[in-house]
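Look at the two complexes coming up: chain A is in both, with chain B in one and chain C in the other.
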Partner chain A sequence: MNSMANDVLVIGAGLAGLTTAWQASRHGKGVRVIAKGWGATHWHAGCVDVLGYWPVDSETPATNPAATLPDLLAANPQHPYALVGLARLAAALGGLQHLCSDAGYPLVGSLDKNWRLPTAVGAARPTCLAPATMIAGDLDDDTPMLLVGFKQLPDFYAHLAADNLVQQGIPARHVVLDLPALAGRNFTTAVNLARFMQQSDFRAAVAQAVKPHLGKAARVGFPAVLGLEEATAVHQDLQVQLGRPVFEIPGLPPSVAGMRLHRILKAAIEKNGGQVHEGMEAIGFAADGGRVTAVHTETSGRPRQHRYEQIVLATGGILGGGIVTNHAGEVCEVVFNLPLRHPENRLEWFRRDFLDKQGHPIYRSGVSVNENFQPMDGRVLYQNLYAAGSTLAGFEAIRERSFDGVALATGYAVGNLVSN
Partner chain B sequence: MANNIWQAQLNIEAHTLKPVELTLDHCIKCNICVTACPVTAVTDLFPGPKYVGPQAGRFRHQGQPSPDHSVDYCNGCRVCNMVCPTGVKIAEINGRARAHIVQSGQVPLRRKLRNNLIARPELMGKFGQPLAPIANGLLHSGFGRFFAKLLLDIAPNAPLPRFSGERFSRWAHKRRDAVRSDRKVVYFHGCSTEYFEARVGKAAVQVLEANGFEVIVPSQNCCGLPLLSNGEFAAAQAYHESNIRHMVDYVKQGYVIVGTSTSCTLTLKEEAPEMLAYHTPDARLLTANTFDIHEFLVHLLDAGELKTDGLRPMPLTLAYHPPCQYRAHRLGRPSTEIMALIPELTIIESQAACCGVGGTYGYKAEKYDITMAVGKPLFDFVQQVHGPIAVCDSETCRWNIAAATGVPLVHPIELLAAAYGYEPEGPLAEVMT
Partner chain C sequence: MRTMETEVLVIGGGATGTGVIADLALRGFRCALVEKRDLAHGTTGRYHGLLHSGGRYAVKDPKAATECIEENVILRRIMPHCIEDTGGFFVVTPWDDDAFGDRFMQGCRDTAVPCEEISIAQMLREEPHLNPEISRCFRVPDGSADSFLATQSVAALAQAHGAQILHYYEVKHLIRQGDRVVGALCYDLVKDEEVAIQADLVVNAAGAWAGKIAHTAEVEVNVRAGKGTMIAASYRIVNTVVNRCKMPADGDIIVPVHTVSIIGTTDEAVPDPEHFAIEPWEVQLMMQEAAKIVPGWRDLRMLRCWGGVRPLYQETKVADTRDVTRAYTLLDHETRDGVAGFITITGGKWTTYRQMAQVTVDRVCEKLGTVRPCTTHETVVPNPFEQGHGRKHHNLGQRLADVEEKEAFGQLICECELATRAHVEHAIIQGEAKTIDDVRRDVRVGMGPCQGGFCTYRVAAIWHELKKPPIEETNVTLRDFLQERWKGLMPILWGPQLKQERLDELIYLSVLNADHLPGPRASRLGPAMYEPGTAWESEHAHV
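Moving on, here comes the complex of A and B:
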């Protein structure tokens, strides 16, 4: 069957790791992805945020990332976007759009414009690429909307979102459904609701219950639960039944929209002959002559060795578990113990205010790399080791809203580098 | 690491494992586990891993009643552990919570009796196998099943296996001196091979011998997993201690233990020590030197020592389900790597999380429907691949898939043995003629 060569080992299955593996496997490389568990794909909104705010303390969102990015690169030449370059960033976005379209789940948008999509509490969220299932919620359009909640889904507060939108000048109302199909439950999760949504009789019941409340609403918003594998069909069917545009609003984890991207990328890797193994935690490595010769993973009995030509570290930063901190003030990378850039002193980790507009210095911690994404300590540490995604140093992802864009672009770049 | 893969590793670090309950502090409440749990997906009776595991775990304290009985609907598949990004041992937290419920006498008598019976395949085997024709007749008759449901709440349609005509260990004993070698391995057959599917053990012995090993089959007990998953910890510990006594001397002589039942090997390696918090030096030696057979073969392959020449082609397209209890070893998919060596064999891997049977879970009348709902995507997949047989490493899994689909199931080691030229038995024999 698949006796592929041991070309590329990717550690981490978030957006960065999966993108790396997708690109490398597309070029015919034998790829294995190992991951301790699933990553931020299951938390984030299922969109691709490239640059939401710049400068980071800006009050107003960036409307056109392509126009703002050159300023960012000039101010921060160490930023991962600077290493990738704008051309490769655009290619990465285009590549993902292409993949998702082929999978029947189009991502809409371009670098020239940020959408302004509503969050679960009705704030405006700048994002670059969003699934077609979310676009009708754009707040540049001020036509009236109806937001639909479910009594059994405590993670979506339709009334709160509607109130907030009204305050921003968007006519919004809400309704909370209590459907017979869910009546026996105290609560349900977004994922179970998404499975229900794939059943046509459930959808018909939803449409039936919403119709009396439509009034003047020109569009109808739901929490992001409109199907898993069949999201596009579910979305279209609801639009037909309700006779107007329908949109999804991503909310608390788990993120159904993020899971769709995870599925599409994983399927692409496996179709190209690659393997994706979850539940495998990298705990150590062996090196010889400036090369990593093996990565060790924890198993039920004893460590397993993975011998691959090229190794890509995509374990996420502090939030993803690839970098850990302790109260003694130490900051460590967990697999290779790579040298990190981080605040010297623990007192400098955080600013005083939780929502400080500059962000917190500790979240800029990470691995320093050269233009080929090889970890550096003045010199290249291992000839065959690369790093991608949030594990990289020197950017304020939370304030910039650049987590997804950096993960996608650096994963794309590294996936192509290791294929040459 | 030892020089050779077949040499036991005797330098074991002292144990530093924390009680599984402490891992709940790592939970960041991300809900990823809830998205993956196959039981939550099909029933309202089970709110999901996060809720019954790390969440309810905060309220469980020695000497106090458990706050949440829905934990009993966890089938132990460990899918949640595999996807959790922070390493919470959810399935083990659930298993220990269930044991607490059992130990504090909160299970009704009839259910307790039933759980204790179905959790003892060794006992059933010892009594049933010598009477194989009668026992098979009774167990598979509508009459027998009716009374099993009436008296003991055993699901009338649950997949019961058939006793073999000859116990595996008798067969092994008769040919004890057939092969002599300095390279020795110990074979752990488990209950299913011993009483129900001797052909799996024969195939394993053939493959190991073809690679130059002398195979030792020591006397042994059930690994204790069914007892563990029914919360009967004292009885499980007695089995585990007995297995250590029977096998640890071989390990100390430098021989490793190889098994064909993925759930037995997982229990010897990890489940028994963790669930029982039983980490004696001998238990640690067993953990470090027990292998699933395909894990062992992959090590041989990596070292260039696996016999891969002259394999007989098998022009078949077969569905393969890597069982959840195998994925839980965190080894990747070693059986797939080995089956890939067989010429002309096309293996299509299932993406299904679990077949639903969860060892003894699916034999319980109150859980049978959940089992079938969990397994449905897998059953559909097996039927869609439309092979004459399908492949799976785990025995209860094989029986469940076969009962649900009508497709006979084999262990992957049977394929390799046949590719080595050995005469297959059972469903594979019919396909190969």
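Moving on, here comes the complex of A and C:
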């Protein structure tokens, strides 16, 4: 079925796995991605957060990740960013920006500035790269905005976001649309609203309903539902119809903006001759002489063997399902049963407050790797096995707001390593 | 300071207190109830939800067993919407004494608890997840109760008859004049002010807190707090209440309530009903004991863990709280302590709340020199949230049927528990919710597998729209509820639920950045956390 060489097998189709596969396939490697399901792209904001808060208990966001990262690395030399280095991080960001631009969906920003963009509750969210569809929400700009909600969409509340923005000095008003096209639907989610948005008559109805409420608003914010495959065109059309900048605000999952990144990366891999198989869960492996000789996936009747030269583990951490725990307090990596760094005692897994500034220690659990991203237990465990993304130990992606940055940078680094 | 005046003041908004105030109101007394948090915030809202048949006490405490079956019949008649007719099994597992089954049967006969032995094949047909090694099974009329809904319903009945329900009123101390209690000085947590309430008679129905309340009038009431720890699994792994057929002990009952199954419970004396830990050994013990009834329990997804404190009255010190009688106690402090205008009703269990209220109000009549017959045994308690359900028992599919009938899918705010926007709005406005946790007790938002992951944001937004508070208040209300959910997750967080909580973090910290919104991180209406757990082992835990 596959005329290409069996060079690289990537396990996991989140941002880390897809970036790895994209890089390896770009270098002409024969790549297959196998994944149980989609990754955190579908839950997260669809931006690239590199470093939002450092120290993590800082009340104010980092304004310049490039300037703040050396402090992070000094404090935590085990951090995945330390393995990547700032140069490769910058190259990864640049590479993704190129790819997205070529796909007609530009990501705007650079490593020396964090945007502050509004969230669906009206907080300011620090992020490094954001799609062009979100940039007009920039909160360093204090021009008045109108936020638009949809009565049938339960995952975004414009009034709540507007009131919080006003409290933080941004003139904001809101309107909630009740469009006939959505009335009577059983469910309205961000994804099906995004598909509605790709219909020009629906967009015209939206613009028509918003116009009487524009007033002095210099920009108009929508939930992040402005199209899936055709986001840029949808965004531009609304800007033309409303006569002012339009921006998207990410809401509750599923994340339409994250799905766009997933689509772009997957298309790039496939264009380079790689394959992405979802619904194919890795359940075991075979090894010989310090090398992984095969990875097994479940099919009807018997496990299927995938024999590749290089194997990349990008199954995620506890969130992604690459690391699982149980009632006995065991913490396990699911495919290779790799040794993990994790808190020994279950009593030390959590802190008292859900929103604890340092985060809960259990979520720092992960695989220890050497400078070549090879899992280690004092020595390299398998010569042809690498790990990328949230499977890695020693960082707090959510408190740092480094979730996408680490996935992208480590995936980029590993994708290049396995190509050399 | 504000002042108020009433004829009878009831302290405590649990099953007992609301039962007393409803009975008072039905008998025509002017009355008010103060509860320091929300109704059913204390022990009533933290028990496993068993409507006792009396089977659990048939051998050990025959008097309690008879009270239970009498009240079981009455409650099914007067508040069917709060009760699911699950039926109950008592099962002899390989760890139990086969011969206890005969003592159990005899005990049921002696106490008039209906009981029949059924075949193991029949048991497994009805409950295929039960341990096939079970050797005997007895059927009794246990049920499961929604104690939140019941408390709300009884309070609404009282209000309909003129009673005042004051929640978030904390009693600072009783007001004594000479040898008489003449009211209570309260603190209104919401308005942050003191309120003096004068009353001809004060009824102390504060459950595990009754000793503390009495102490403020220099009356000593020895109520021991017996902590019980429970865990809810995210499935209806059984549809029947399943008890171990043995003397009551730790972790010997699984109760199906709404969408979950609850394993209970431990019994540990704690010095303070407010401050205690959920110890890891308790969690381990519950998991181990549940697996004896339902093999594979440990692989289920655990949703939540909590502890409630039983009020156990005793005149003399008893070491093991399970040996203290479950029957209730009525103390007339005029005859007992020479302090007039003050009575305490304590002990008991949810199933007998109505009977406790009846004897209490009988005594109130006596103290106030009047004769008014009790009618609560024949007064149907309406469902304040729905009309027209008639006199049918609650069933699990009812909400889904309602949503389908009204085609209200698009209005689902909590998909896990099928709570609609209309439910949430009703709880916020008519239910006078002060926190999102109050909304949860009314309509179950946040109680399913995502533990508030999706609905907390939605409810906060609806809250803000309807109540229009300053935005910082809405922000702290949201953060308080996230913390409230976290409180009960920490002790059982592993496996898929740990993954879920990381998703909830991703949503609230990373996507929404709710931890950097204006306003305080927590409020005084937020949850009181459990103390940190310390002990992995206990002499009680035969792990």
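Here, the second predicted complex is superposed on the first by the 416 of 420 C-alpha atoms of A that agree within 3 Å, B and C clash if a C-alpha of one lies under 4 Å from a C-alpha of the other, contacts with A are read in each partner's own complex, and residues count from 1 in each chain.
Following the convention adopted for this analysis, contacts are C-beta pairs under 8 Å (C-beta built on N, C-alpha and C of every residue); 3 or more make two chains touch, one makes a residue touch a chain.
None of these values were measured; they are calculated from a predicted model.
Look at A:43: by the touch rule set out above, it reaches both chain B and chain C.
Of the two partner chains placed by superposition, only chain B is touched by A:280; chain C is not. Once the two complexes are overlaid on the shared chain, A:244 sits clear of chain B and of chain C alike. In the superposition on chain A, contact of A:254 is made with chain B only, not with chain C. When chain A is checked against chain B and against chain C, the one touching more of its residues turns out to be C.
In the superposed model, A:27 lies in contact with neither chain B nor chain C. In the superposition on chain A, A:189 makes contact with chain B only, while chain C stays out of contact range. Contact with neither chain B nor chain C is seen for A:213 once the two complexes are overlaid on the shared chain.
By the touch criterion stated above, A:296 is placed in contact with neither chain B nor chain C.
Once the two complexes are laid over each other on the shared chain, residue contacts for A:321 go to chain B and to chain C alike.
When both complexes are aligned on chain A by C-alpha atoms, chain A residues 43, 185, 187, 252-253, 321 touch chain B in the first and chain C in the second. Every residue of chain B that touches chain A in the complex is listed here, in rising order: 9, 30-32, 34-36, 40-41, 44, 47-48, 81-87, 266, 269-270, 287-291, 295, 302, 327-333, 336, 339-341, 345-347. Residues of chain C that touch chain A in their complex: 280, 284, 287, 298, 302, 407, 409-413, 421, 454, 457-458, 460-462, 464-465, 471-472, 474-475, 478-479, 482-483, 485-486, 490, 493-495, 498-499, 502-503, 505-518, 521, 529, 532-534. Of all the residues in chain A, the ones that touch chain C in their complex are 40, 43-45, 49, 59, 61, 119-125, 152, 154-155, 157, 159-160, 163-164, 166-168, 185-188, 250-253, 255, 317-319, 321, 324-327, 329, 346-347, 349-350, 352-355, 357, 362-363, 398-399, 401, 403. Put simply, chain A touches chain B in their complex at residues 1-3, 32, 34, 36-39, 42-43, 184-185, 187, 189, 191-192, 195, 252-254, 259, 275, 277-281, 297-302, 304-305, 307, 320-321.
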